[in-house]
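Labels for the chains are A, B, C, D and E, by order of writing; each one numbers its residues from 1.
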Amino acid sequence: MAATGDSAAGHRLNLDPNEFGTTSESSASVETLEQILPRMKVAIPGVTFEVVPNSAPGAEPSWLVDREHALSAAFFLRDDSTLRLDYCSNVTGVDWPERTIKVKVRKGEPGAEKEVEETRVVPGYLEVVYHLYSMAAKHGPVVLRVRTPGRGNDVSLPSLTPVWRSCELQEREVYDLFGVHFENHPDLRRLLMWEGFKDHPMRKDYVPPDDYEYEPTPHDEILEKAQARLARREASS
Amino acid sequence: MSLNEIYNWGRSNSVWPLQFGLACCAIEMIASTMARYDMARFGSEVFRPSPRQADLMIVSGTVTKKMVPQIVRLYNQMAEPKYVIAMGACAISGGPFKQGYNVLKGIDRYIPVDIHLPGCPPKPEALIHALMSLQKMIADQPLTGEGRPRHLKPEGASEFPIPHQGEQDLEPPCNPHIWRPPAIPRPVTA
Amino acid sequence: MAATLDQLFVQLLHGMTAPLPEAIRPWVALAISLGAILAVFGLCFGITTVCERKAIARMQNRLGPNRVGPYGFLQFAADGIKTLTKEDIVPRTADQVVHFLAPLALLVPVVLTFLVLPFGRNMTAMDLEVGLLFFFAAGASTELAVFMAGWSSRNKYSLLGAMRAIAQMLSYELPFILSTIGVVMITGALSTTKIVEAQAAAPGEWLARWHVFTPWGLAAFLLFLIAAFAESNRSPFDLPEGESEIVAGYFIEYSGFKFALFFMAEYLGMFSSSGMAVTLFLGGWTAPFAFLDWVPSWMWFFGKLGVLIALFIWVRGTTPRLRMDQLMDFAWKFMLPLALIILPTAAIWHYAGRGWLGWLVTAPIVVGAYVLLGRSLVGRRRIRQRSYRYAAT
Amino acid sequence: MPSHGGATAKVPTEAGAPRGPDAYRLTAGDNEYDDGSLLEISMGPQHPSTHGVFRMDVVLDGETVVKLKPVFGYLHRNHEKIAESASYLAAMPYTDRLDYFCSLTNNWAYALAVEKLAGLQVPERAEFLRVITAELTRLQNHVCLAGFLMQDMGASGTPLMYGFREREKILDLFEALTGARMMCNYMRFGGCRCDTPPGWLEEVRKVVDRFPRFLDEFENLLSSNEILMARTQGIGVLTRDLAINAGITGPVLRSCGVDYDLRKVDGYGLYPKFQFRVPLGDHGDTYDRYMMRILEMRESLGILRQALDAIPEGPILDPKSKLRGFRPKPGEAYGRIEAPKGELGFYLISDGSPNPYRYRIRPPSLINLTVLEDLCLGHNVADTVTILGSIDIVLGEVDR
Amino acid sequence: MLGIGLIKGLAETGRNFVGSYLDPDRLVTVEYPEERLPVKENFRQFPFLVFDGEKADIGLRCVACQICEKECPPQCIYIEKSKDKKPDHLGKPQFYPAVFDIDISVCMSCQICVEVCPFDAIKMDQQFELSTADRFRGLLLTRDRLAKPNSHFQAIHPRDAAEIDMRRVDERAKAEAKAKADAEAKAKQATAAAPGATKAVASTPKPAAAPANEGAIS
C-alpha cells in the first residue's frame, strides 16, 4: 500500500483541532458570506443575511436568512454559477423555547456607566436548518437557517421543496414533529405520526402520554408516577 | 398414541411462522432461517406471507403505536390454533425505546403472548430455543380440563379488539382482559 | 418373474374385480384405480414436499427438515395433521359458495387427468382413444377454479393473483397443446397408450424410439416442460401466488384444509403434467435401451417422473420470477412461434425417413429458430450484460 | 444522459419540478376511481417485500402503477427525542439500531459528529479499525441487499441464503471484536471501545481472501441470468438531474453516473490514504443499482486488504475523551460519512449540557425514497417491489 | 444465447447441492441444541453481578454507587442502597445494594454499565437461552439471580478476569501494606504513648479482608 510508510498518516492525525476533518478543508473552497453578499443583494433586493457563529471547533458557521426572502435566496444559492449548491443534504427542525438569559449591560449616565446584570426574555422560535452542498463543485457545506416569528401552532415558513426535492420528506417531518407549516409544500401531511395525532412531539415542551402501567425499574418522574399509581391501586382495593 | 398426542405432535412439529418482521429482530429472525441456524430443521421455515395460513406470529421488533392496529388485526386474521412469540426487548416491553412517545410498551397489552424472548436482539440460537420451548409447551398441553389451550375453551376469544389511534395515545391504552401487571412496590428514595 | 412384477398391479386389480358381475366391473375397476391413484400420488405429494424442502435446503447449504420422524420424512404428516385441524376461516365478505367450491373445482379436474396416464404396461385407468384430448380438457378447467378462488375471496391481492393466473394459464395453454401436436402427427394417435407403444424400441434395435431423441421432439419436450412449469404455477412462473409481490395470490384468504387442497392441487398438477411429458416424449413406461426391458414398466414411469420432479425442484431453487408482461412476451413471441415451427419440422422428419437425413435437415431448422426467436425476444429490449466505468480520481 | 424510456414517460421530465397538490392526493375527489377502472391497494405495512413495516399506497391500472404514495412512520421509535434526553454516550447504542444492518457505520457517523463538536482526535490504529469495520459492514450490507433484491424478484431464497452465509462469517468477526452480532456499540468519541482480540486481524484476512470466490459464485448464479436482466434493465430509471436535486446519495446516486462518494469528497477517516475506485453506472436503472453494489464490494475488499497490511500498533482512544461527564462546549456540528446506503449524517447542537440539545440524523434511506414514486410510475406492481429493493432501505433508519 | 445464464445458475445450485454432501463449507448448518458454535470471549448478553468467595450476600463487589443506574441508556437498572455498610475486599466499609433489579425485558445489552463501573462489579453474562412464558417474574432479574461467582466470570471472560483479578490482588496487597504500615506507625505511636493498646489496632483489618481474599484467588 502506498500509504504504509507514508509519514502523512502521523501528520494528518496531529492536525490542529480547528481544522479537524477534511469537511472543513473542503468547505474552505466555498466563498465567505462577505464575498457573496453583494452579488446576492443585487439579485434579491431587500434580503437580510446574518452570520450565526458556531463555537464548536472546526465546524462551519451558518447563515440566517429572513423568511420572506428565503425561497429566492435558496434559488440564488442553487443557481449561482460559482456556488452551485445543487444538493440539500439535511433539513433539521430546532425548537428554541422562550428563555431568560442574563446579559451584562452598561447602564447609567454617559460617562458614569455601570455594568449591570439584567435578565432578558428571548422569545421562543422554531428554526429550520438546511445543510447545502454542491455535487457539481464538490464543496460545502453552507448552513442556511430560517426562523419562525414565534412558537405558536400556525407558524409558517416558505417551503424549499421547489428548489430541492430532497426537502420534500424532510420538511414533512419537520411539520410533523415541530409543527412548522411550509407554504407551497406540495404534500404537507404528517410523515411519521398517524393522521389525527394532535401534538408535535419533538418540541421541547411536549408531554408524552403516561403509559407506564408496569414499570419495574422506574426513575425520576416515572418513579413518582409509579408511586402515585401504586397508591391509587392500594386505595381502590 | 392417543388422539391428544397425535394432535399435539402434528401442531407442535409444524409451526409455520407469519412472514412478518418489524425491526432489528426481524433480521435475526431471518438469520435464524438461514443456512447457519436453519430453522427448517424443525419444520418451521415455511414463512407464510398470508396470516390465514400461519400458526405463529413472531413479533420481532419495536411495536410502534402507529403499527399496533395492524398487528392486532393480523393476529385476528390468523386461524386458530395460533401462537405468539414476543421476540426481543422492544416487543416484550418497549425495550430501549420504551421512553419514546410512539412506542408501545409491550405487545402483550393487546394480544396474548405465549413465549417472551429477551435480548436486543436475541441471537438466532435464542429464537430457536424459544421455538423449541413453544413446541414443548404445545406438546404438553392437555386438550381437556382447565389447562387446555385457549382456542379450545368456549370463552376463549380468538379475536381481540383493535385499539383506536387517538389524539395523543392509543385508546384504550391496553386490553385489561389480557394485561394484568403486578404492582411492584418501590419506596420513595428522595 | 420380471413379467409378474411388471403386471403385479394389473393382476391385483383383475383379481379384485373378477368376482363381480360383468356390468359393474369396469366401474369398480375405475373406482379402485382412482383410489389407488389418489393414495399413491397423495403419498407422493407428501414425500415430494419433504424432498423439495430438503433438496432446496441442500442447494442453500443447509440441512432442511430433519427432526420429525426418521430424517424428517414425517414432516409432511405433521403438516397434514396441523392443516387438517386448523380453523377454517371464510371472510365475512367472501362469496361463501364459490369460496367453498374453488378448492374442490381445482382438485377434481387435476385428479381426473391422472386417469389417462399410462403408469405401466396395461396400467391405464381409462384407456381412451382420445386420451390426450381428455387430458387437456380436464387440465384446462383448473383455470376456472383458480379464478373462482381469487374472485370469491374479495381480496385485492387475490383478485390480482386470479387475473394473473387466468392470463398466464390461458396463454401457456397454447404452446402446451401445440407442442404435443407433433407427437400426435408422428404416432397418428391420440391415445396415450398408443403413443407410448410407438416409442418402444423396435425389435432388433438397441435404442428406444423416444420422441425426445429427435430434434423436433427435444424442442417440443422443452416447450412442453416450460409450459408445464407455467401451467402448474411453479417458479419461475409462480406469478399467480408471487409471494414477494401479491403476498399469496389467489389463495391468500384460504386457511386450514382448503389451503392444503390448493397446495396439493399444485403438486398433483405438476405430477400429471410431468407424467404427460414422460408419456409423450420420454417413452412413458418403456425402457431407454432394449436390454433393460426386464425392469418393470411402472418403475420406468415413476423413475422418469422422479427425474422431472427433481428438475422442477432444481429450477425452483435457482431462478427469480418473471414479470407479467415478460411472461406474456415469452409465451406469445417465443414459445408459440417455436411450437408452430416445430410442427412442419416434425413432418419433414417423418418424410425424411427419420434417419441421419432427418437430423441433417431438421436440426438446423430447430436450432436456427431457437436462436433467432431468442435473439429477437432479448434483443428488442436490449437486455445484455454491461460493463461499467469508474470515476476518475 | 439517458432519456426516459416509453415506460417511464409519466415521470416528470423537469428534474425537481414542483407538482401540484393534486398529484399527491391518492383518491382525488373521492370518486375518481369509482368507475372501477383503477384498483387501489395498500402494500404494507405487513408485506413480504417492503423490507419491514413500510407501506405503499398504490393505484393500479391493471397491473400498471398509476400512483404510488409511500406511507412512513410504522417504525418511528423516537430515536431523536430519546437521544436528546440522554447523555452523548447513551445515544451511541441507539445509533446501532438505526440502520440495523450497519451498526458500525452508524457508530462512526455519530462519533465523527461528536468529535467535530468537541474537537477530539482519533488515534491512527482506531482510524484503521474504523475503516476495517466500516468496510466489512459495507460488504455484509451489500451482500444482504443483493440477496433481498433477488428474494423480491421471487428467487426462492437461494441467493439470500448465500448472502447470509457470507454475512454470518462477517458477523462472527464483529462478535469476536465487539461482543455482539448486530448491535456492536463499538466506537467511542475519539476512538474505539476495545482493541482487537488476539488473532482477529488474521481472521479478517481469511474472510477477505475467501470473499471473492463467493462474489464469483454469486455473479455466476445471477448477474448473467436472463430473468434477472429482463426484470431489472430499463426498470426504474433515475435521471441524473432528478437524483441530485432529490438528494439521492450512495450507490443509487452513483448508478446514474454522478461521481459523489463521500469517502473521496470529504476524505474523512483515513480514506484518502487508500486506493480504490468508485464505480459509476450509465443507466440509473435497477440493474445498475444492483451492479453498483457488486462492484463496490470488490473495491471494499481492496480497501480491506490495504488496511490489513498497514494497520499499526498503538492506542485506540483519545486520552482526552471521557466516558462519563462528557460535556462539549456550546456549538453545533454536522458529521457525515458514506454509509453503505448513502450519506449518513448526524447534526448535533450542544448547549453545554451533558445531553445534546438537538440531535438530528440525516437518514439516507428516507431521502432516497423521495423519488420512489417517480421511479415506479408506469411500471408493474412486480417492479415496484424490485425498485424498492434496489433503493435499499432499512426501516429503522427511514422512520428512526 | 437465451438460456445460458439460466444454465449457469442451475450449474451453480447443482454444485452447491452436491457440495453439501462433500464439502463442509457448503453445509454450514450448526444443529443448534446439540451442536453449538464456540462462544466468543467478547460475546455479551445481559449483565450479572460478580461476587467474590462463596456467598453472594457477603462477597458482592457492588457498592451501590448507582453510576450504572444513571448511565444505563434504557434505564433498566434499579438500585436501592443499603442502610448499613459492609467491608469490601480492601476492608473499607461500603454500602451494598439492598435491591438490585435489572429488567432484561428492557436491557439492550450495550455494555455501558460495565464500562462505567469503577468497581468491576457488573459484567456481561453470555447466557442467552432465556425465553420464558412468565412475562413479569421471569424477566425481572433480582439481586439474587444476578449474583454470580467470580469463577463464572473467569470462565466466560478469561482475559478480562485475569487482568481484573491481578489488579485486585495488587490493590489488596497495597492496601494491606498500607494498613500494615499505618498499623506499625500507629503501633509505634501507641507503644510510645501506651504499650497496652497495640494488639487491638493491628488486628482490625484482618477479618474484613478474609472473604475477599478467597474470591480473588479461587
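Note that a residue touches a chain if its C-beta (ideal position, glycine included) is under 8 Å from a C-beta of that chain, and two chains touch if they have at least 3 such contacts.
Just so it is clear, the model here is predicted, and its values are computed rather than measured.
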Where chain A and chain E overlap in contact partners, by chain label: B, D
Central chain (distance from its CA mean to the mean of all protein CA atoms): D
Contact-richer chain pair (by C-beta pairs counted) among A-D and B-C: A-D
Between chain C and chain A, distance of the C-alpha-averaged centres to the nearest whole Å: 64
Centroid from C-alpha atoms only, then distance chain A to chain B, rounded to Å. What do you get? 41
Averaging C-alpha coordinates per chain, one finds the centres of chain C and chain E separated by a number of Å equal to 62
Would you mind pulling out the distance in Å between where the CA atoms of chain D average out and where those of chain E do? 36
Quick check: what residues of chain C touch more than one other chain, meaning two or more? 59-63, 243, 247, 317-319, 378
Show the residues in chain E shared as contacts by 2 or more other chains, in ascending order. 2-3, 6, 9, 12-13, 28-29, 31, 73, 75, 78, 103, 106, 108-109, 136, 140
Expected list for chain A, residues touching two or more other chains, is 192-194, 201, 214, 216, 218
How do the chains pair up in terms of touching? List each pair. A-B, A-D, A-E, B-C, B-D, B-E, C-D, C-E, D-E
What residues of chain E sit close enough to touch chain D in their complex? 2-6, 8-9, 11-13, 28, 40-44, 67, 71-73, 108-112, 115-116, 124, 159
Which part of chain A faces chain D closely enough to touch in the complex? 1-4, 6, 8-10, 12-15, 17-18, 20-23, 26, 54-60, 62, 86-90, 92, 94, 129, 131, 135-136, 138, 141, 143, 161-170, 173, 184, 186-187, 190-194, 201-202
Chain D residues within the chain C interface of the complex: 39, 41, 47-49, 60, 62-63, 150-158, 161-162, 165, 221-231, 233-234, 254, 259, 261, 264, 277-283, 287-288, 291, 295, 380-383, 385
Going by the contact rule at the top, pick out the chain C residues touching chain E in the complex. 55, 58-63, 314-315, 317-319, 334, 370-371, 374-375, 377-378
For chain A, which residues are in contact with chain B within the complex? 192-194, 196-199, 201, 206, 208-209, 211-216, 218, 223, 226-227, 229-230, 233
